[in-house]
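Please find one structure pasted underneath; my questions will follow.
Going in written order, the chains are labelled A, B, C and D, and every chain counts its residues from 1.
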Amino acid sequence: MSRIGRFLKSFFLVDMLRGLAVTLRLYFSRKVTVQYPERVQEPSPRFRGIVRLHRNEQGEPLCIACKACQRACGTGCFDIEGKKEEGAKVMRPTRFDWKLDRCTFCGFCVEVCPTSAIRFSREFRLTGTDKDGLLFHLPDMYIAGEDLQSYLCAGCRRPR
Amino acid sequence: MTPFVADVLIPVGKIVAVILYPMIMVVVMIWLERRVVALMQGRLGPNRVGFQGVLQPVADAVKLFFKEDIMQRQADAFLFNISPVLVMFSSLLAFCFVPLGEPIRIGTYTLTLWIAESPVGLLIILGLSSISVFGVIFGGWASNSKYPLMGALRSVVQVLSYEIPTGLTVLTVAFVARSMDLVEIVRRQEASGTWYGFLMPVSFIVFWISAIAETNRAPFDLPEAESELVAGYHTEYSGMKFAFFYMAEYAHMVLVSSLVVILFFGGWLPPFPSVKALAFLHAVPGFVWYLVKIMFFLYLYVWIRATLPRYRFDSLIRLVWKWLIPLALANFLVVALVRFLR
Amino acid sequence: MAFKEIDLNMGPQHPSTHGVLRLKLAVDNEVVLSVEPVIGYLHRGMEKLWESLTYTQVVPLTDRLDYLASLSNNLGYVLTVEKLAGIEVPRRARYIRVVLAELQRLASHLAWLGFQANDIGAMSVLLYGFEARETVLDIFEEYCGARLTIHGIRIGGVPHDLDAALAARIRKVLDGIPKRLADIRALLDDNRIWKQRTVGIGRIAAGDAIAYGLTGPGLRACGLAWDMRKDIPYSSYDEFDFDVPLGRNGDVYDRYLVRLEEICQSIRIVRQALDGLPEGETSAKVPRVLKVAPAEVFHTIEAPKGVLGFYIKSNGTDKPERVKMKSPSFINLQSLEHMCKGNLFSDVVGILGSLDIVLGEIDK
Amino acid sequence: MPDAAADRPELRPALDALAARFPGEVLSVDVDKGDLTVRLGKAGLIPVLRALKEEAGFNALEDVIVLDNLRTAGEGGKRFTVLYQLCRFPGADRVRLAVDVGEDEGLDSAVPVYRSADWAEREAFDMFGVRFEGHPGLRRIYMPEDFEGHPLRKDFPLEGRDGGV
């Protein structure tokens, strides 16, 4: 029987019809597309977006310019200089240059920072229009959210 | 109905209509293909330009219009430029012979929904559809680069060998309808009450498979197999020339679908013409039935493309010479016997 | 008229070479006479770079080798360093590593399935395969925050713990995969066009396979049960029970079946690892600046593409003296010419796809 | 010859047979971190490879690794060490052969014995400049043909030469 069965199956194109049935069923199934600019899929809590510096509650910067992150970074993104003000307890960075285009998002700097001044944000829209726009200086390291978009790429960012 | 209107205005109007009809169908077809393939793959497809992406093909056409139209230095200029015209011309011209519906009587004047009705309309359409092969060969050869040449060689062999089963199956229909005139065939189906597709299922299946192969579509899209020959015979084309090839392929598909509908599914006849109970279906104009049937077959084209992998070249040729042609011959023999005995 | 053979150039810019690979083909009227792969377009000098970085800083760079299976590269390198420095990894960390490595194998095979089917024409399977893979990448994103270059395994253990909620989500993803796979198998498995394009194509005998150094699913499709997870177990793979799928005649169709079966086996392993997850630390105590006494060591793991090996020589400082990576795709690509001889031009695409090569790993 | 394979008793007979067969060539056999290394003289490479393949069943050459001992070699020491990673299937035992090679000396190619050595040796030549006599087509594999120098040598600058290729 199996030989005739096989012949009949192949003559009446059963294998192809089964395939067509699958695509037809999927034709009516749920679509996975997310309409991107209008609806942005929220990344997970541990998402490794661009790294940002943080301030404590009183608004003073947490960073004490210990350069642990500069040493830990494998691709040399950091260039930090710090100075201890008279009477201040702790050193503060005077220059904090960070290159976004060299960063591999590996997370060593975040892990090694003693005061957890530098942490991952969940921002993944990191397109810029020019190369020096990707070089962040000290004040720029605190920008986050929408004004990070305008800092990175003021040009084509349509107001949402 | 002054002679001026009858002899000039109406024919010109009809000619413009026949040119616009395939263009609109091509636009609809491009949109349909991108949407249906997308929906079958679990995604939405173009839905930004115009309502649900309907204007996307127009956007593509405008983009292609403004794209730079480059030509290889060593390309054979004349052949390189003539081939898109050849391909487009043959597809559009064939639409003149495609009857879209029952002639409409306006007062004393009967407006026939086709441009030309000739006793050998079927033959002319087949002849024209093989002219587009010339366009493909010249295009592939004239681009003077390896991939288009291989694409052209492949499509020549494919289209020529698939014309034989097409011709044979079309012959069975002409044989049963005792005429090559498309309008006559539809009238014959109306008279006999059954569609030829149900009368001769084998010729319908063979015709449909070889029709897919002839338009280089779905499992038989060897000449333009992206993953192998980059883009086949129109690799070197860009801008409007590429748009011509692109639109001609879709026009050819619409042409072949309308041929299938007319020959096997009773052009503009409602589903069961002879059954008296369904007489109310006649209220719907013939043209609508014709369109519904064409849309089904265009959908079938896209459905097959989204599902089946691509044949390899030698198995494609083996399929036609070892299976389709013998089947078509046997079928023709059976039809002839049946006709003779009855 | 003697037909002059055409020498055709496929790549480096070509839709189906999975990256920047150039194939110099000598073709006589569609029949392939010779295939010569030309590589080096994606050479970034990884091994030179590694000699100037500390042991920990090399790990994120190994993500960029086989970018479709970055966790496997991490695991391969990290196990070699731990063997070199004699670091004992806690059992819970080893189990989490098995979960991550097998999920990565799942994702890599699903990506391969999509590319392979698309090369042979079944374009919808590309989308189905990638949609299934997205669910697995969501797990990686939830676990350590990245989807492609994941850097989710560190020297000494794993960065984060696997809590019950994440384990539940992993199980839900694992339940979804077989359903999607069933759709794909219904489309391809006994489709006559698919079988014509794959059965008997690119066949290689077991003896030649070993001679050419073929490893991974390509070798197992010839019927040889060579799987590093079983032969030289690492990261407590010997505590899981799974079988090694084998093919019979080593052609493209058998490699397709072997990889599909491996997906099911990986699901089995992940379930066992999740059920038996032991308590304990997720990482051993590793000094911030890891100095390793002078020694040399070679260690291999079973990556999705084949046997991935790392050779590291240390010189007492915190930077390795020499790191050499044995790339499975690099060695597998050598057997392409043997498989393609005599087949047609359009089969080269199918055979190249069945080798599942990634150019980042070949060019280093 | 230090007592080798203390913790790998099953390889003991094979090692003794090997050492006895090639007295002049097998310089030392040692086990470190579970890996078995056999140091060989240049001449003994191909015979030992052939013996290991035919008799001991090491049917797979997994990798050819080159080390540049520019800074670590003593005065008379040879500049390069070429390592051959062999593996046995089934049984999955591993052995590493080490051969010291001077800068301009060649080395016999292993391709006649192991077909998979082809590209590995081409990479070794491209990156270090070690010549392999008898190799079917010894040319660069990563770098373009007209590239001078060998990048993985210790004296090749990390940032590359200015102008590069």
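Going forward, contacts are C-beta pairs under 8 Å (C-beta built on N, C-alpha and C of every residue); 3 or more make two chains touch, one makes a residue touch a chain.
Bear in mind that the values here come from a model prediction, so they are computed numbers and not experimental data.
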item	value
Distance in touch steps, counted as few as possible, from chain B out to chain D	2
Chain pair bearing the highest count of C-beta contacts	C-D
Most widely separated chain from chain C, with each centre as the mean of CA atoms	B
Separation of chain C from chain D, taking each centre as the mean of its C-alpha atoms, in whole Å	26
Computed distance of Cα centres, chain C from chain B, in Å	45
Shared-contact residues (touching 2 or more other chains) in chain B	40-43, 306-308
Residues of chain C touching at least two other chains	124, 128, 131, 187-188, 191
In contact (per the touch rule at the top): chain pairs	A-B, A-C, B-C, C-D
Sites on chain C touched by chain B in the complex	6, 8-9, 14-16, 30, 117-124, 127-128, 131, 187-188, 191, 193-194, 196-197, 344-347, 349
Residues of chain A touching chain C in the complex	10, 15-16, 18-19, 21-23, 26, 32, 43-44, 46-48, 72-74, 104-108, 111-112, 120
Residues of chain C touching chain A in the complex	53-54, 56-61, 63, 124, 128, 131, 134, 138, 141-146, 149, 151, 159-160, 183, 186-188, 190-192, 288
Residue ranges of chain B touching chain A (in the complex, touch as defined)	36, 39-44, 303-304, 306-308
Parts of chain D lying in touch with chain C, wherever the complex brings them together	32-35, 37, 59-63, 65, 67-68, 72, 83, 85, 89-90, 92, 94, 96, 114-116, 118-120, 127, 140-144, 151-152, 156, 158, 160
